[in-house]
Structures are given as C-alpha cells and as structure tokens.
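First chain written, first letter: the chains are A, B and C, and each begins at residue 1.
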Amino acid sequence: MSKTNDRGGARIKQQIIPIVIVAVLFGLSFLTRTGSALRPSYYVVLFVSILNYIVLAVSWNIFSGPSGYISLSTAAFFGLGIYVSALLGEKLPVPLLMIVAGVISFAIAAIIGVITLRLRGVYFTIFTFGLVLLLQYFILWYEVKFNNLRGRTVMAVPYNTVFICLLILAGIVLIAAYYVKRSRFGMALTGIGECEDAAAHIGVNTTMVKVIAFAATSFAIGASGAAKATTMIYIDPPIAFNVMMSFMPVLMVIFGGAGSFLGPIIGAIVFTLLQEQLTTKWPKWYMIIFGVVMIISIVFLPKGLVGSFGEMVGKRKKLLLIAATAVFMVVGFIFTKLLAAAGTNIGGLVFPLLFGIIGFVIFANVLKRGKEAA
Amino acid sequence: MSIMEGTGVSISFGGLKAVSDVKFNVEEGEILGLIGPNGAGKSTFFNLLSGALTMDSGTVYFCGKKISGLKPNQICHLGLGRTFQAAKNFPGMVVYQNVMMGALFGKKGRSAAEAAKITDEVLDFVGLTELKDKNVTDIPLSAQKQLEVARALATRPKLLLLDEVMAGLNPTEVEDAMKLITRIRDSGITVIMIEHVMRAIMTICDRIIVLHHGAKIAEGTPDEISTSRTVIEIYLGES
Amino acid sequence: MTTVLNIIITGLIMGGIYALISMGLSLQYGVAKILNVSHGEFIMIAAMLTWVFVNRGIHPLLALVLCCPLTFIIGFLLHITIFRWLNINSGTAAAYESNAMLLCFGLYFIFSNIAMQIWGSNPVGYQFLNRSVAFAGTVTAINKIVVLIIAVAVSILFYLFLTYSRLGKSIRAASQDPVAAGMLGMNIKMIMAICFGIGAMLAGIAGTLISMYSQVDTGMGMGYTMIALIVVVLGGMGSIPGSMIGGLILGFVGSIFGYIEPSLSMVAYYLIILVLLLVKPKGLMGR
C-alpha cells in the first residue's frame, strides 16, 4: 500500500518538475528587457552561452549518460549547425535555421550511428572524435579548393532573438531529458549501459535504441550550433569544429554528475562562468585549468557533484559539505579582493568557483572516508 | 510436436570448428539436457540459438519460424528466453527492476501495469520476493542464478535456455534449482539446459544431447546416455 | 617510376614512425587498459626537448638517449599516481577504461598548453645530416634514412624484448590474463606502470626522430595521436605486429595522398577505418 502512495507522489512530481522548468525559463525570458535589440545586456549574452552549454550537456547526458557510449561527436554536429547558419543565414530566420541544422545532424548521426554503434567502448569514442576532425579537414579542403575561401561571415541576429530561441530549445531538451529518464526508452538505454548482452536477450532492440538516442540528441546539438553561430560573426572550419565543444559537455556532465537531472545543468553553469571569465582575463591559463579540473573531477568526483552529495549519509554531513564549500568560496572571494588590492585583476568568480570546487572535492572525499571507517 | 528444429548448425572461430553440423529437435514440453566436456561448444550452441552469435551455416526453426540470422531481441520476442553462464545482470538496479526489465521488453506492446504484474508473479514463482529490493551485488550466488532465471521468465518465453544455473551451488540449493526447473516445465515452458551436475541432469531431463568438440555424438534418454560406451569413454578419457 | 619510388621511400619512413608511435599506444592500451589520447603530447615533449638540447650544443643522437628516460619517468610517475587513484575510485573495469581515456584528454590539455606557454606555438627546427643521397632518380635526405634505420631497429628491439626477455614475458602474460599473472606472483601494478612508461618512451623516441628531419611545434601532438589511434584500430587493439603492419599501411596511404591531395590524408585515414570496421570490427590482427 505504501507503494501506491509512492507512485501517486511520483506522478505529482512528474508534473511539477516540467512546470518548474517552464516557469524558470519563462522568468528568464524577461532578461531581454534589461537591454535593447541593438545593445543586449551582459546577462543576455551570458545566458546565450549558458543555455547553449545546457543544451549540449543535457543532450550528451541523455544518450551517453545511461548508455555508457561516450560520444565525442558534439563538436561535429555543433559545427554542422554553425555551417548551416553560415550558408543559409541570409535566407532563413533563426528558428528555421535551427530546424534545418537539426535535421541534417539527425540524418548524419543516424548514418554514423548505424555504422559505429556496433562498436563497444573506446572504439566508439575514438570514432566520434575522428568525425569532428574529418568534417573539419574535409570542409576546409572543400572551401579552399572549390570556393577559394577559408572562412565565412555569419549573418548577425540580435542577441535577444538568439536568447529566446535557445531558451525554447533548452526547455524542450530539459523536459525531454526528464521524461526520457523515466520512460521505457530511458530504461532501455540504462539497460544497454549496464549490460548490453542481457538487454538484447530480454528483447531490447539495442541498435535501434542507441541510434535513435544518438540521432535525436544530435538534432538538438545541431540546432544549438545554428543558433549560436549567429552570434559569432566570422567562422572557419577550425572555429566551427573546435574539439573543445566535444569536451566541454563531457566535463560538465562528469563534474555535475552523470545520470542525474540537475548535474549537467550545474556543470554547464559553473563551467560557462569559468570559461567566460578566464578567456577574457586569463586566456593563457584557461585550458590548463580546464585540464586540471577535468582530471580532478574524473579521479576524485567519479559520481559528480550531485552524486557525491547524494552519497553523504544524514543531514549533518550534507550540511557540513555545503558549509565547507561555502567557506572555501568565501575564501576565494577574499583572495580575489586581496589580489585586486595588489593590482592583479581576475574575474570576480574565478577564484570563488575554483576554491569552491577544491573545497567540495576535499570534504566530499573526507566525509566519504569517514563513512567507510564507521 | 517439436517446438524447435535445427539442421547443419555450424560456426568456427579462426578455423577452429566450435559447433559443427549439429542436427537436433526439441519436443514441446520436455526438458532437454545438453552435456559434454569443457570446451565442447555448449555455450556457443546456446549463443547461436539465441542470436548472440550468427551461425556460419545451418538453419533453425522455432515454432515454425526460421530464427537463424535474426537478432537476439527478435528471437526473444518470438518466445525464446535464456540465462548466461556468468550471470549478466543490471548492477545499478535492484532485483525487482532487473526482473521488471525482462517483463517490460520481453513482448512488444506490454503495458507497464501488465509488466509489474508479471514481475510480481515471476518473483514469487522463483522465490525472490523477499530479496526484491536488494541490490543485485548484495545477494548470494544462488539468488543471482535465480534472478537470471526470473529475468528470462519475465519475458514469458515458450522455450527457455538455461546455461549452468546450478554451477557453484551447494547440494540443498541444487535440489531447489531442480525443483524450480521442473516447475517451469510443468507451467508449460520447454527447457533446454546445459549442466555439469550429472545427478540433476539424469534426474530431471527427459532427453539428453551430448556434444564433443562441437559435434553431436549421442542423443537419448538419461538411461541410454548413462550406459552409452562412447559417452563414458569421452568423460573418462577427458578426466 | 621515380614518383612511385619516391612514394615507397616516403611511405617507409612515415610507416616506420607510425609503427613506433602505435606500438607504444597499443602497449598502453593492451596491458594498462589506458587508451592514451595524450600520446601525441609525449611525442611533442620529446621533440621540443630535443630541439632545446640541440640548441645547447648536444648532439641529436645523444638527445635521443636523454629523452628516453625522461619520457619513461613522466609516464611511469603518471601511472603510479593519478591512474592508480583512478583505479581505486572506479567501480568496474569498463568504467576505469572510459575514465582513463577521458583523463588522458585532460592530460592532453595540460601538456599541450604548458608547452605552448613555455615554447610558444611557432615551428622550430635544427640542422641534422642535411645532405641528400640520390638513388635511381630519387633524392632522399640522409637524416630521413637514419631515422628510418633507428625506427626499424627500435621496433625490432622492442619486439624481441617482449618475446624473449623475462619482463617482456611478464608483460605479455599480464596483458592476456592479469588475474592469473597476479596469482603467479607478478607485480601487476608495477608491470602496468612500466608498460605505460615504455609506451611514453616509444612516443618520446618517435618525437626525437621526427625532429631530426622536420620542423616541430607545440601543437603537433594531436595529429600524431589520431594517427596512432587509427593505426591501432587498423591493426587491432593490443596487437604489436598489428601496429607494425597498420603503421606501414597508413604510412603508404599518407605518402600516396601526399602526392595527390595532402590536406585530405586525414579524411582518407578515417574513411579507411570506417570501411575496415564495417568489414572486420576487431581490426586486421584483432583477436
């Protein structure tokens, strides 16, 4: 009887979370009023980046999270989206560009998926990574040889428009992620990730499930690329097919917590903020810090922020972890102020975030050990 | 009436014939034993029947439909369930969810409510109800073997392939497993089982097929097999 | 005719280097279960260090000898620290494998960017045996011939080491059945760390050799990593003879494309792999 109660509770919750998502995104849409079409506010510009990464990270997590097939093809479909905007930007409005880019990405992902998703583990990963380089080299060769140009300009679109388009796309992706995880399709993906042989022999059409998930998430990635491209002005193959776009979503998801709903969102927000501030104020160190945080997350936070937090037994430990992280962030904030006083100006959020990460990692591991000892 | 028939079933790995030219039939409602020394190709034979491997040549008919060349999920949907020699389960899910997976995907168009009902029935049938909320990594070996059987049963098969479900069990647990297999047959499911526990094979099987170096060398009732000179020679010769 | 001969010579030299790089990667994956996508960075580090050494008046061949222990130690230390921590924190073997690969991407970012901070991103080079020999109408630089000889010699030595030496036999045993090898009293952790070190060292040797005949830069690593990965997929993961054959095949393909359309060689490599995996999913020599 308690089971029926649980199910009823779950059903209410199933309605609430999508409503919360829509409400939050609707609230965000008012940010457009903080600036004009010609002079977008800083928040709109920032949120275009954040929403873009949320789309990429959450999409990546829909397929690779449960299935365990680590895809590094994000940059390939993102780049395809960028090129769709570069080629058709003057002819089509942004929503149509996104749909065209999405359809092309879906088709290519489906073909690639049919071929490569038979491969297990690292083979698949290498293939998807190769796809990014393949498209980059091929398009560069084609452009130089047949069009005698290296890069292209992209028709600029007001930031507010791009912001609203990405807001809607992010909403769709988030709601899809939420429902897929609870659907039969999501269970099939999880089954594939946990034991593909067993899944196949109880009737899961593993190839079909993998290809559909891979292609559908690639649709969203391509659409996101088309929208983001309109803010880039100039693009060329190395910019469009930047391998970093493949790694950022992976890092965001691993850092936030693969398989959880909130994890990729938190990861996307934290790393967009870090990226924004580091690339403007400290570009030399950005990639190195990126690598270090990536290694620390993989080695010491195998379950990510959300997963590690969930591992803490009891309210006391959870509160302790939050408090410790907050203290570290405050120290980072003071550190920034001291540096500023000494004349070195670093983006205001870099040290609080980095210190917060360090604090969380240390305390999450210490508190976990404590549990094992007890 | 035979539920499954096969002729010329063969596969080789790098020139080595793992299963060669096996002709067999399975009668509806029987328990068919598959024995043979280690490396005789028994598990490979199961993998061919269930579609995990594709046979080089030969055809297999199941309930009148040709299944050789189909994918595992298609064969499963036609009503063939199987277990794995080394238990293959979903480690991130609890026992209940593991069985639920079989019920959800075993047949097309099965509703969640139906699947939940089947899951409860199957858990009760194999005797795992008490452990249903446990992590699969936390349950004893005998329960893991039962779980393998339960997940296969949840697909509601007509024919069940059991690959060494008694390996590593103590005498009491073997006794329970024997009873379980007999009950599965009595519920109307045909069973093919690979087993090394001779006592179990000889007691519950209606018929036995002996494989050696991938080829079928003998077939008959337990009495015939236990007195067959060739079979005795192979087993004594190997040990 | 001359063109064909030229293609063969270039193919042999590229193939020799590719084989060397891929053997290292294959060893690291086959034994230590780490698909080292920062492999090319070890090549780059050795190449840049050689350039630094030569500028200080050290002979390139002596630099080769110096770079071997350096790259070995970097690889070995990495394995006994972060990879071992990762192994402790990873639940399953499959999880370790994919996490280790992602970790190597992290190493790639760190190594390539630190190198760029130190040495900038412009190509650098030095003169070494910069004379040519003519043979049947073709002209080949002596340094390339020396590089080919060293690459072949190292490959053969490495193969002999794996086949006949005590440590080599342990390595092969560990790659086939780590649990059984552990029960036979082998220190599996140590063997894995040594393998990772040797893999890094082979990359280092290749890096020094590359610097002997062409210009090098801090961004060169990823290209070689991709080549090594393709060769290893081609030859079958963990198969050393497969790496040698795959390396030669890729060398010849690269050499042919060098004449037709150099900028498409990477595209050609990728398509070869795509077709191969359709036909033979485990690679040419895969088990």
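Keep this in mind: a residue touches a chain if its C-beta (ideal position, glycine included) is under 8 Å from a C-beta of that chain, and two chains touch if they have at least 3 such contacts.
Just so we're clear, the structure is a prediction, and the values are computed from it rather than from any experiment.
Listed by label, the chains touching chain A and chain C alike form an empty list.
When every pair of chains is scored by its C-beta contact pairs, the maximum goes to A-C.
Taking the mean of C-alpha positions as each chain's centre, the chain lying farthest from the centre of chain C is B. We define each chain's centre as the mean of its Cα atoms; on that basis chain A and chain C are separated by 32 Å.
Chain B and chain C have Cα centroids lying 46 Å from one another. Residue positions of chain B touching 2 or more other chains, listed in rising order: 91.
Looking at chain A, one finds that none of its residues touch two or more other chains. Not a single residue position of chain C touches two or more of the other chains. Contact residues of chain A toward chain C in the complex are 68, 70, 115-116, 118-119, 121-123, 125-127, 129-131, 133-134, 137-138, 140-141, 144, 243, 247, 250, 254, 284, 287-288, 290-292, 294-295, 298-300, 302. Contact residues on chain B toward chain A in their complex (touch as defined above): 50-52, 71-73, 76-77, 81-82, 84, 88-93, 101-102, 104-108, 112, 151-152, 154-155.
Interface of chain C with chain A (complex): residues 29, 35, 37, 82, 85-86, 89-91, 94-95, 97-99, 101-103, 105-110, 112-114, 117, 222, 226, 229-230, 233, 237, 261, 263-264, 266-267, 270, 273-274, 277-278, 281.
Note for the complex: chain A touches chain B at residues 184, 187-188, 190-191, 194-195, 197-207.
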